[in-house]
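To keep things simple, chains are lettered A, B, C and D as they appear, and every chain counts its residues starting from 1.
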Amino acid sequence: MLAEIRSLNEECGVVGVWGHPDAAQLAYYGLHSLQHRGQEGAGIVVTDGEQMSISKGEGLVTEIFTAEKMQALSGTGKAAIGHVRYTTAGGGGYQNVQPFLFNSHTGGLALAHNGNIVNANQLKAQLEGQGSIFQTTSDTEVLAHLIKRSGYSDVRDSVKNSLSMLKGAYAFVIMTENQMIMARDPHGFRPLSLGKLGDAYFAASETCALDIVGAEFIRDIEPGELVVINDEGISSEYFSLSSQQAMCTMEYVYFSRPDSNIDGINVHTARKNLGKQMALEARIEADVVTGVPDSSISAAIGYAEAAGIPYEMGLIKNRYVGRTFIQPSQSLREQGVKMKLSPVRGVVEGKRVIMVDDSIVRGTTSRRIVGMLKDAGAKEVHVVISSPPIKNPCFYGIDTSKKEELIANSKSVEEIREIIGADSLTFLSVEGMVEAIGRPFPGETRGSCLACFTGNYPTEIFEYEREKTKC
Amino acid sequence: MLAEIRSLNEECGVVGVWGHPDAAQLAYYGLHSLQHRGQEGAGIVVTDGEQMSISKGEGLVTEIFTAEKMQALSGTGKAAIGHVRYTTAGGGGYQNVQPFLFNSHTGGLALAHNGNIVNANQLKAQLEGQGSIFQTTSDTEVLAHLIKRSGYSDVRDSVKNSLSMLKGAYAFVIMTENQMIMARDPHGFRPLSLGKLGDAYFAASETCALDIVGAEFIRDIEPGELVVINDEGISSEYFSLSSQQAMCTMEYVYFSRPDSNIDGINVHTARKNLGKQMALEARIEADVVTGVPDSSISAAIGYAEAAGIPYEMGLIKNRYVGRTFIQPSQSLREQGVKMKLSPVRGVVEGKRVIMVDDSIVRGTTSRRIVGMLKDAGAKEVHVVISSPPIKNPCFYGIDTSKKEELIANSKSVEEIREIIGADSLTFLSVEGMVEAIGRPFPGETRGSCLACFTGNYPTEIFEYEREKTKC
Amino acid sequence: MLAEIRSLNEECGVVGVWGHPDAAQLAYYGLHSLQHRGQEGAGIVVTDGEQMSISKGEGLVTEIFTAEKMQALSGTGKAAIGHVRYTTAGGGGYQNVQPFLFNSHTGGLALAHNGNIVNANQLKAQLEGQGSIFQTTSDTEVLAHLIKRSGYSDVRDSVKNSLSMLKGAYAFVIMTENQMIMARDPHGFRPLSLGKLGDAYFAASETCALDIVGAEFIRDIEPGELVVINDEGISSEYFSLSSQQAMCTMEYVYFSRPDSNIDGINVHTARKNLGKQMALEARIEADVVTGVPDSSISAAIGYAEAAGIPYEMGLIKNRYVGRTFIQPSQSLREQGVKMKLSPVRGVVEGKRVIMVDDSIVRGTTSRRIVGMLKDAGAKEVHVVISSPPIKNPCFYGIDTSKKEELIANSKSVEEIREIIGADSLTFLSVEGMVEAIGRPFPGETRGSCLACFTGNYPTEIFEYEREKTKC
Amino acid sequence: MLAEIRSLNEECGVVGVWGHPDAAQLAYYGLHSLQHRGQEGAGIVVTDGEQMSISKGEGLVTEIFTAEKMQALSGTGKAAIGHVRYTTAGGGGYQNVQPFLFNSHTGGLALAHNGNIVNANQLKAQLEGQGSIFQTTSDTEVLAHLIKRSGYSDVRDSVKNSLSMLKGAYAFVIMTENQMIMARDPHGFRPLSLGKLGDAYFAASETCALDIVGAEFIRDIEPGELVVINDEGISSEYFSLSSQQAMCTMEYVYFSRPDSNIDGINVHTARKNLGKQMALEARIEADVVTGVPDSSISAAIGYAEAAGIPYEMGLIKNRYVGRTFIQPSQSLREQGVKMKLSPVRGVVEGKRVIMVDDSIVRGTTSRRIVGMLKDAGAKEVHVVISSPPIKNPCFYGIDTSKKEELIANSKSVEEIREIIGADSLTFLSVEGMVEAIGRPFPGETRGSCLACFTGNYPTEIFEYEREKTKC
């Protein structure tokens, strides 16, 4: 359903807790604060030091984890890992909900993954040829089989050995009965932060999860780093010598929560700066600035502030649209029945409106919103996008459409403007974006991934399968 | 659960549709857009001209009306009325969910009510003494019994006769098999707007519901007016000669959706003006302005704009907190686990923060939020309230706490400031509020109700029962 | 679904418990044992002496009363009444599920009813004309309104006065906050037994409920008797001087559980005697006797024993068919997919089979079963019915079809035999039935109602409405 | 819950359908008729020739397969396999519900199993040592891994090769996208019958499933036989040269449905013969014979017929006890609240009762039933068991208690009689049982397994793990 508003789907989120009697609950609150990263499913695995148990399901965190389920998990834990999963078109289903928990007579193995392994299919075919049976259609399971076949006496060694075979984007939280292992791929595409909560450790994809549970931020796990926590304490090593950061820029532009800090940069501030930068680049005459809720509000406020044009609430989001909302029939939509987003007539009527959005993927959503604003009486609608045109698909964990569906891949800005029916359309420049966020270009220290804008992929790209479940 | 964040509970919302083949669906979308006015329960009654049928339940609109239920309702309709109900502490339950549908061998009667009848208990005792059996504990049912006992051959006359016995606040949408009747009390405490959708009529508590279904706004039902719609068309008459408007000011300050217009005044604009007025009255030196989401964002932006201080997102609301969210245990809360609202450390740390909120009822919420901001590193927190102190309970459909629980009833502003731990606390003046909203004082044409601030109640007040289910 | 196997629907069942700390639970187990009397819905009302609370729902007792609901009810009680309701075609729904609980400012009133008031519509029209609003479409509610309008200071007097206006069949269990009242109509159509459980009283429609909770049988409530139990003890009086028993014969033939005793006659024994009597009257040469499960097994065993022909399990009932069973499509049924009842080929193949059933209503079920047995290879199928032909509808609480749908109303035995495809068809004689059960003819002391067989109705019959919800 | 009445738990049941457009539905009705073989869970896998899809869940067939789920499955199929699973104490859960469906890039594999592999643990440890990851704790999964590692180009060869490594009891129904394979272990412990339905094939654990779907019985799959059905037709071969039948005797005595034929012997008839044989061996003077419902009714009728003592319904089973039934508290049970079984006082009071049951495992159930009958007034209770004492655990798919829990393992018949409080206790002799059923002793052609009575196990027995999930 989100696809109607957003063509750029959220990725996944992970949490890990070690050494707290309420580990399962802390994982629950952490996942809850990461819900924006995935609404399809969620799961928690806990260990009491001797045995792991799992609870997972499809839906939102609050739907899956009933009081009874949490009660059942709670008794058992001293550590827990958790995962939220985003909505995929095909694939999916209960079996693909993470964490995965694999039991054997020599002990269990639980995995939660954010990212996408680009050579998963190659590895899977090899493993199946050797008689392995896969339980899911997820790329994540490949790591479990690699670990099991590595056969080192210490799981840490098996993990290290297995990670060296993976290519792509990953932030892993792995757990056995008595240790927790975290790892980020050598490019560090996906964030993973570590905090402390008294004597306990708390790791999560975003710092907002740390804040929500009251954990103190220590540092981010680094690209190519492997961190192991167990009853002996915490230790770290690097499994890759050639780590070079390529943090996903879209984490700032769209995905992450505004209250998270990624690599020390606050997301709301980054977005407001993107808006301010836009005001410098665009210089449009207008009466009001409005943002497409929720993700573009910060940028719109930044734009308004820098341009000296009042920010107004020209679009409002219907808060209670969920899984069970009944879509209006085609006939009712034609009669004007709206769904998740409504224009505010009292604000836009007779006005020249600057509408700030974070990105354009296929263009259909922008066209719909521009149309809404015009129907509500806006005299002019100037669309301002706080990122450059997306011309290339992402292979690192974001469900962009296929290359041929990306409108900016084949159309010029003027063509897009015409399609979406705007009076003007301005994208942020790549340089302006890099400047506003404050992270260097790819290749430099603390560099960014700009592949979806520029086509320069930091890793080798294997055959890309649209059908595969990514996270 | 909302009570933790808000001590001022939402009231109810009503819709009515006449003459549309998709009447039930339109009622559904209308109720959905009024969901902020009540989350406890919702219902829809449809008529096909010969028979009425009902579907209702506890929970959110999208939870209650499954595709199957809507399918079942849809076939039957050419007209429909609907209701959303707010959360009451006591009382409640399925039986009190509206609309009420009463069948008899001479025909049915359906009622949906927003407001509160202040002499309901007196009337109910009289009716029970005469052998009437009440099905609910709601004040609304009294009207049904009065109508049934009126015994006029035309329901319109029975309704008129019965309304003359009621005192208090009401916006009624009433339906029989073949007509729909709308009425507002002589003071017009609660809003009720009428629109057109092709040949069909669409009425709702707020204009946002008209917008969502694409209906064109015609006019508001007037205080003391009775509007009847049936297959012969629409007609209007006044059942009260002494109507004098006293529109609830809190509809602007807090209750209504920002995209609604009440009596031609846009709510977002009114709130922004309240914020601007505050900036004139407060004149505080600070680094950032932030609003308590969602209802205070507009006022905060107005404040920032007028004061020339940047608006920042210093507080963020957790979007997925619903009925099934598991509350953190006391121990976890003490360790810092948060729930619905989080401060954004990256924004407030080391800053002098102006925190704009719409009202203070018991003070506990404000104290919690101020504490959060300080814990997140705010150097100073200046609380600015975009309305005057609430010193008196409401008897007209708003679930304020009892008089003795209203902190401003017994404490001075300075005492409240100390209790909530703010560096300064400023309430808007009554005059400033009236000016900013742009509605005259009580007693004048298009006057306001300011009773909760001033204690001047527009009607006689009978014994007040805290236990009674109001709407 | 039951309608496919049985055309004669079950009626309702009631229980009442007074003076036991586990009153709600005892009501639950009692209702559970009366489940055969109604599967549509069930409810329990408890009182703690000051307040009554209710829990009810649609479905089976075990579906409605979850552990949580029972927990909620349990704390409150010292007394409870309960009801199971049978499946009706039209009408029905949650609102008609009993007990009914009516609250007023002078106290509550709860009612549970088994039977049918034949002048309910007349009374209801009168009451509605006087302004009463009915909550249900049930005849039972009439009594509540009569009681409320009676206006005696003691509810017992109001009940007595109101019962005198009712005509028809009823076994009532009524409760207020501090007393329980039981009453049977002057003809005693429906059973109601009283037992003791330590110091507590336990009343139920059938003695099997007494057995299941370990209560000792005291006696049956008598026709025209009103029994009141409260903290002062138990008292009895007669509200009708002209009581003359007309116990429903079908309670023995079909409705009641085989382990119940009705007026001291065990139901299984009565059925076995009906079977023995049939063997005397029918004298058919055959290889095996089989019964249609479950209700005809006793009669079949009686037949087999008396006739000296082996009893075999020629038909088997599928135990797990419930509300959610998916009916085979027409095409699959034509290919032979069966549902609730299967013939046992190994038992009937090549045999002359006597198939004992308790009644024929529309004949469709009998035709289907005879067909099944023949398809499974039975050489001959002789249908033996352990009651006389049903030629007249029941107005006393049994949902027989309309007069014109009763096959025996217009067809001769030979015509019915041909329709159902049996090799012979024998009904029990009225005299044989009366003899076998051991209750006298109507009009005598402890007489029976034979109206459905003979057309002699013990009461005046008013306009009969098929649509009305009976119980 | 069944454990209270029965200490001998049901095993599992399987079905397979090939070549019918309604394959999924036929599997549903077949599983439904096998519900007595397992109530814990059920599943169906369908293939449309190119892809397999699965639907499974915990609970009863009618609970798991909603109309929506069946709809979803239906479109896809031309073939289907299904499974019902019995309740295990430990283990269990969704993941262990069969059929199992394993997907790989070379195609899928679905398995349904009735029985128990006695060397599963040994094989599993070997496979895990080689890097295999198991998804379940079921012995059945071992076969999937063996097949996957066999690596023959034709699945039939991989299956044959893998079956040669298994020891124990099994009736397998295996499916790939384009063929269905059925196999029984060389001793044929568990039944598996094949039928035809027009051009389609229908296989099931019991013939009652064939009857319910209208399929014509062809023959039983033979011990050590492998039958393959695909679009080319049906073919058969033997994968074991040393097959020697050892059909489980308890299938006749207790497990199977009375309307099934096992190896041509009707189960109801076998039980009636067991009862007749008992009458010859026991020769007890009594007034009535009664059976413990449901499984002992046939034997009781046989006994009554042979002994010339009337059969009466002295015990009645409460039909509506399901998963959600609330167990009476200890205190209520002590006060006499009963659950699933009630004695019929009207039948047993003052009588000498012969109570026929099929087996005694731990003795607790028998003691409870004898107690009930005595409490209901039985003068004498003579317990007659239609099988010999069970002295040894079963390793072939029946969940008997551990050896030390089997009362007959350590107690004499007289000791057991005293424990259960009966006036006499008679077990059937092994010779009498073999004679009555009509199957030869073990070692002969069409021999039986009598291991639980005699301790002579037909196969080697490996370490026995109580915890393992068997089926």
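Observations on the structure shown:
Just so we're on the same page, contacts are C-beta pairs under 8 Å (C-beta built on N, C-alpha and C of every residue); 3 or more make two chains touch, one makes a residue touch a chain.
The structure displayed is predicted, hence computed values, not measured ones.
With chains reduced to the mean position of their C-alpha atoms, the one farthest from subunit B is D. Subunit B and subunit C, compared by their mean Cα positions, are separated by 49 Å.
Averaged C-alpha coordinates give centres for subunit A and subunit C that are 61 Å from one another. In terms of their C-alpha centroids, the spacing between subunit A and subunit B amounts to 36 Å. Not a single residue position of subunit D touches two or more of the other chains. Viewed as a network of touching protein chains, the structure reduces to one closed ring of chains, two contacts apiece.
Pairwise, the chains that make contact are A-B, A-D, B-C, C-D.
Listing the residues of subunit D that touch subunit C in their complex gives 22, 25-26, 28-29, 32-33, 35-36, 60-63, 65-67, 70, 197-198, 208, 211-215, 257-259, 261, 266, 268-269, 272, 294, 297-298, 301, 305, 310-313, 316, 318-322, 324-326, 328-329, 331-332, 335-338, 342-347, 376.
Within the complex, the subunit B residues that touch subunit C are 102-106, 124-125, 128, 130-135, 137, 144-145, 148-149, 151.
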